[in-house]
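Right, I'll just put the structure down here and ask away after.
Labels run A, B, C and D following the written order; every chain starts at residue 1.
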Amino acid sequence: MADVKIEMKTAAYVCSGCGLGDKLDVGQLARIAQKEGKMALVRQHDFLCNSEGVQMIRDDIENEAVTHICIAACSRRAKTEAFNFPSVAMTRANLREGVIWVVAEGAAHDEVRQEMADDYVRMGCAELKKSRMPEGNPNHTQLKNLLVVGGGISGLTAAFEAAETGYEVILVEKQAQLGGWAGKLWKRAPYKTPYAEPQETGVAALAARVSAHPLITVHLNSTIAETAGAPGRFAVKLAQESGSITEVAVGAIVQATGFTTYDIAKLPELGGGLAHVVDQAGLEALAMAANGGVMKRADGREVKSVVFLQCAGQRDDSGQHLPYCSGHCCATSIKQAMYFKDANPDVNAVVVYDDLRVPGMGEDFYRSAQHKGVIFAKGKASSVTTESNGLKVNYKDLILDSGATIQADLVVLATGQVPSSGVDVILWDKLTKEADGGSIEAKQQKSELKSISILNLTYRQGPDVPKLKYGFADSHFICFPYETQRTGIYTAGPVRRPMDIMQATEDATGAALKAIQAAENASLGRAAHPRAGDLSYPIVRLEGCTQCKRCTVECPFGAIDEDERRFPVFNEQRCRRCGTCMGACPVRVISFENYSVDTVGNQIKAIEIPDEFSEKPRVLILACENDAYPALDMAGLSRIVYSAFVRIIPVRCLGSVNTIWITDALNSGYDGVMMMGCKKGDEYQCHFVKGSELAGYRMSKIGDTLTGMGLEPERVSSFEVAITDNAKVAGFINDYVAQLVEMGPSPMKGFG
Amino acid sequence: MSELNQKAVAKYENNFLREVEERVEDGEWVKMCMQCGVCAGSCPLGNAWEHSPQKLFRMIMAGKREEVLTSDAMWMCTSCYSCIVRCPRKLPITHIMHGLAHYSHRLELAPKGQPTRELARIFWQNLVKTGRVNELKFSLAVYFKDGFVQGIKNLLSMQGIALGLVKARRLNPMEIIGGHKCRDIGGIQKMLAKAREIEDRRQGFTS
Amino acid sequence: MAKKNYAFYPGCSSQKGASASNFVPSIGVMCDKLDIQLNEIPDWNCCSASIGYGEGGQLSRLVLNARNLALVEQNLPGQDLVSGCPACWLSTRETAEKLNEVDSLMADTNEALKEAGLHLSGTVKARHLIEVLIEDVGFEAMKEPVVKPLEGLKIAGYVGCQTNRPFGIAGESFENPQYLDKMIEMVGAEAATGYEQKVTCCGGALAFSEPEKSQKQIRDIVESAYDHGADMIVTPCQLCQANVEIYQSEINKKQGTKLAMPVVYYSQLMTVAYGGNSKQAGLDGNILRPQKLFDIIK
Amino acid sequence: MTASIATSQTILVVGGGIGGMTAALEAAECGKQVILVERNATLGGRTALLYRYFPKMCHPTCGMEINLRRLKGNRNVRVMTMTEVLEVSGVRGDYTVKLKLSPRYVNANCTACGECAKAVETEIDNPYEYNLAKTRAAYLPHNMAYPMHYVLDPSIIGTADAEKARAACKYDAIELDMQEEIVEIKAGAIVWATGWKPYDAAKIQPYGYDRFANVITSVEFERFANPHGPTGGKLLRPSDGKEAKNIAFIQCAGSRDENHLRHCSRICCMASLKQTHYVREAYGDDAKSTIYYIDIRVIDRLEDFYLKVQQDPTVSFIKSKVAKIVEDKAGNPVLHGVDTEGYHRYATTHDLVVLAVGMEPETRGIKLPDDMLLDSSGFIEGSNLPAGVEGIYGAGAATSPLDVNRSVQSATAAALRAIQVVHKTSTVEGVR
């Protein structure tokens, strides 16, 4: 592409508004842009973001054929509506939030303030010269149809809603019929006012509408044998029970593979395994058989007394059973107790619970059950045993603080949902390493593991969507429940987290939207969330590649495969544009049009380094653009002062930081480097999964390089910065600068 | 065991909740309790009894008939209605406590000699006689409920107060003879007899 | 200005020579000044208070109160039943509402009422005298007749239970009602704000049967009034007035305290403020002499 | 002029909190035209006023930064702040919506330089601090405000202060003669994401929120914990500024109560559990948090957050609905009630009480489209039903008391429903 690009013409615009003119010598800034920055066109304006200033820039783009502009004014986070020029490459030199708002007031600081501004203009121009207008991934895709895996209520809903939106859907269900667990229910808990009675599930009707829908193709008795490709061009092999294979091509995937119930045989102390002790699914079967009449046990005897034991094998801190709460079970037991009471009010129905969890309008459902005479006992069951023709439930009544016993004809254990999420890719990765190391049993285990895979992705990072805690294939992010680690593949329903029908249908509808969105974005060569709409994409110079595989291994999204010659094969539509591969590459052959080793490297080299006698240290800050950079910006907004010796460069993610930047900086005489990223660990913040972790790991390795250069390891340090740390981040800077002053200037000065 | 009680036990086997729903004033509300305990914490006599309302309700649902009907907790009710106005489920708790007390009294399970139980008995007799409460006779009856000697003791211990009231014309010694009464006392007594008869029928004490 | 007519239900304790007889004269003066005409219900009977539950059961108590309501329908048609006694008001209002709510109980009640030659159709509204004052008269009109503002007096407004719960005065909080303080200020005295015993139960219902329990309540109520620098307590409730006033000496005897906090009725304050003498205010009926009121009268 | 840019192809999103922003962005990133209207001067809604999210203890502004970047980079969304919906007429696929634009008195020239705030002297209660702090009458709602424009409080319009502000602005950004505007727009579908408001704690009389300085609400506590809040992130109690180390959290303050809110507000248990972390963070082992609850309702994977808090020795749990609060002479709140597990009475003194106030839908108190279906608590129904006949869909906390994660889920679903409508209409009109 590079060759077909038109003549580059650069321009810099220096604003003197918002006090810039008062606090800085903008004339000098303009001269620097011209002389050092080599900008073809340099203009000043005292209010650049107003209509007149913006028009001036537009005219230059129109009449002067300007293709690259550097705006020397406020932060890239400010005035984005005004400075919106989609047709040109643009950089922003942050003179307001980055200089005049954070450098101490007063003439005493005029010099360092001006130096800081000068450098930012130099950096802005340097970056610009290496930047190109992102043009979008040229490998366009066309497919916008969806594959929905799983024909339960979630899958049916996703398929139906997507089809109703006008998108074709292929629905795959491994059973012989649609409906899943919800299809096996007699009734469902209420989802609308007055939230008082069990309601029809509506599953049969929905299944019928799906089967009849002109845009939906249903494959029953089918599983996924292989999933290759990327959003907009997934190639999927469907395996029928018969063994025959159908190949389909889809734009995006919704995985709604649901859950299995926790095996009550694992709960002998609660009667698991005894006759007439069933789980909630078992009770639904009895209700189906009763068909609205009096409830009977498997042996045909009418049930006069039934006990529901909540949290059976759930909320377990002993490590034996499920540690989590499945959320729906309290409402489900209430509904099931109503089956009995509605058919015969004289039945004694008792629910033994610890915390009764019926959030929202569920409270009305609870009231309704009490009104029908269902008894709720806060207690802990200790044992369920057979007695004559019935059962004996022993529990501690926590209100009366005493042991209690109930005779029951039937006992229902409210067990939890176990997600059907396939292969644990972490384990997979471990086994792969061992297998590559020649371990036979690792190979063995791998093929066993493969057999439970759901999607059978051909990705290097493993055959299924990564799981979080307890095997749920959920998003790690609170604000973004659909932010999965496999672009274009969205999980929905209980495979994502435990949930009831009400939530599952909503979840499936949302997942359908995300899948549609992913296919649409791929077809336009754009990135998906969180850099939605980003037209840049990774470009690799294979001729320079050494097949070290770091990019393929470290890509958090499994976007990069390897060909038989172990060269990386980029699947741009899977890529989230974080630049982790760029940071990983030791030979620096991976780059983005507007974000590359050069766009950053050039900025680093552009600044003026005072000599060792000037007592003016220089510190490079590489700041994560999502947390640290906004925090620094807001420090400015709050007029929090920090050292004028730092030079800040925002990065897409610390994971994209290439160690060459660090060594270049130190070589050229910087006294120190601060890396500011987000929180690591279990509750990590990084939307590119492990950026700050990777950075930490890589930096730990350049220790030797530093000592080799005769530098103290402290000259490179990492900091965890949250977006709210406005004051804190200033503290970090000032302390670190003080520490460097203590340490004395870098011995590298002058050699740069 | 009183005959009424035996009959009740036979009638309801061990479904005490049902018994309460059918026979205790506002008893059908008991099952709506969610055990939050706000009633227990609101009762001014809280530290005087063993069973809080919410605990009694749980006991009823757990079928602890004996313990509930022999408890003296409901006799501690001062009818201050604090529990009612705070109950998040709007249970008419004060009435239920009254109802339970009355029912245990009817079945003669209520604690023997429970002072408030005695007081209630005397109060009722007093008002049924004339249609209005005769405070002097009422007080005397209360003082003398445990016999003459104790009565005199009580009286002496209270004489200061009594004399004060007399002096303030708020206690009239003459009330001992006659005193205030309704004209149609006959009608009132027949009316009350009828009420009792109907209620007994409704609650299945009699058929 | 035409007098407003109400069917008056005095209640047992307000009879001549009864424990709240000191309440009666001041009510007379107050109503007179405010053009309120109270017409006593002929042959009214006891409401059975709350303690009636023990022996009486539910229907008997409903019937007793229904009789009074029926008497109003028959003899004082169109008038609201008004009582100055919270217990009477509460029992009557509960009855009126319950019977209008549950048809079967209304039927049973009328079956019993027939024995007394009466019938209830359920048209009468049962109200508290305070409601009449606040809703029908209003604070402004109540302030007008004030000729001797009770300046320099600090008074703890003690509302008690049954005037306040479960019905209370419309628009007032159960935990912190304001109207009694407003009435105190209306007559020119200072209300002891932040008096946290305002709605505590005085245990009156147990005064006879569980004296030590009720006297514990009384002590808190009185001591808090002292803590807030009150000269006296004012209350709208007969049982509270008697109970809190009478037993202070008893508490002193048993617990060596020196409680002597006068307890008066709001109507007594109003009567004095309206220029009435101690007899009209029924002050001679108070066991603990409210000296400062006497001083103002002089 | 607004009307001209909107057509029956436009999706109108009402409410600029996390739910509304999500619905707008998801639709826009599917290529749809969206108008996002917000009543306040900035987007962000209530989540922007929270300090941390459970269970990750991360900061709401982090997600907001991403959403704002999505918004800045997407030309399909038109944001209108200080705008309320007056009236909706028409049918699915073809609505006409009457909007009221309140004057901001500051135009798009504003560079957020802050000179006007320096010039103005009048101080007002800061609504973005739940009125716990003051701000100048010319102010930026908060550091994450979008649009990043100041706003003048109407109270100073016509005063000398307003003139000072105008004079101080070098960029003609302040227009004191700005008037209220009524505009009509067309929309094919509407997403109603008006969110929630904290229940009025003063109505819960036994807890004396209106009488005791040291009884506050959970949303207020979020501000106290926030380093940018009124106490600079210190947990100081209002009455005397004393460090509040011994804090009581009262659950179901208004929720699950037929005298107040019938429903369970779902989030409050987790919110209080989260807030015990603030206390521990602030005071370490000297911290003391007590949670008074009826049932701890932390469902699904959130359970392990609960387990962690249970293991914290500075946190204790009492199964009890507190009966009442009184204030002792030192101004300490004293809680009275009964631990129902086995019956134990308590009268416990704390430094501060935090009421976990329930969520009340904002639908109460604003004008709604006539045919909108509400449940007994005023939440919008039908958001989870298969695509219905209506073209107006509830989203987020307007449909049910939801946490952020589920609000976003709900809003994403609502966005698809809205897209279905405009797709259908465009097919009809042969646009697609």
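Here, a contact is a pair of C-beta atoms (placed from the backbone, for glycine too) under 8 Å apart; a residue touches a chain by one contact, two chains touch by 3 or more.
Everything numeric in this text was worked out from a predicted model, so none of it was measured.
**Q** Hey, which pair has more contacts between C-betas, B-D or C-D?
**A** B-D
**Q** Give, as an integer number of Å, the spacing between the C-alpha centres of chain D and chain B.
**A** Distance between chain centres: 51 Å.
**Q** Could you state the distance in Å from the CA-based centre of chain C to that of chain D?
**A** 47
**Q** In whole angstrom, what separates the CA-based centres of chain A and chain D?
**A** 24
**Q** Measuring from the mean C-alpha position of chain A to the mean C-alpha position of chain C, what distance in angstrom results?
**A** 67
**Q** What positions in chain D touch 2 or more of the other chains?
**A** In chain D, 206, 256, 319, 324, 340, 343 touch at least two other chains.
**Q** By the touch rule stated above, which residues of chain C touch at least two different other chains?
**A** If we look for residues of chain C contacting two or more partner chains, we find 174.
**Q** Pull out every residue in chain A that's touching 2 or more other chains.
**A** 356, 378, 399-400
**Q** What are all the chain pairs that meet the touch criterion?
**A** Touching chain pairs, listed by label, are A-B, A-D, B-C, B-D, C-D.
**Q** So in the complex, the part of chain D that touches chain C is made up of which residues?
**A** It comes out as residues 205-206, 208, 211, 324, 326-327.
**Q** Report the residues of chain D in contact with chain B in the complex, numbered from low to high.
**A** 206, 252, 256-260, 294, 319-324, 336-340, 343, 345
**Q** Mind pulling up the chain B residues that touch chain C in the complex?
**A** 25, 44-45, 48, 75-82, 84-86, 94, 98-99, 101-102, 105-106, 115-121, 123-125, 127, 131-133, 135, 139, 142, 160-161, 164-165, 168-172, 174-175, 180, 182-184, 187-188, 190-196, 198-199, 202
**Q** Using the touch rule from the top, collect the residues of chain B that touch chain A in their complex.
**A** Counting only chain B, the residues touching chain A are 15, 17, 31-32, 34-35, 54-55, 58-59, 61-62, 64, 89.
**Q** Which residues of chain C touch chain B in their complex?
**A** 12-13, 15-22, 43-46, 48-60, 62-64, 67, 108-109, 111-118, 161-162, 165-166, 174, 200-201, 203-206, 208-210, 213-214, 217, 242, 246-247, 249-250, 284-287
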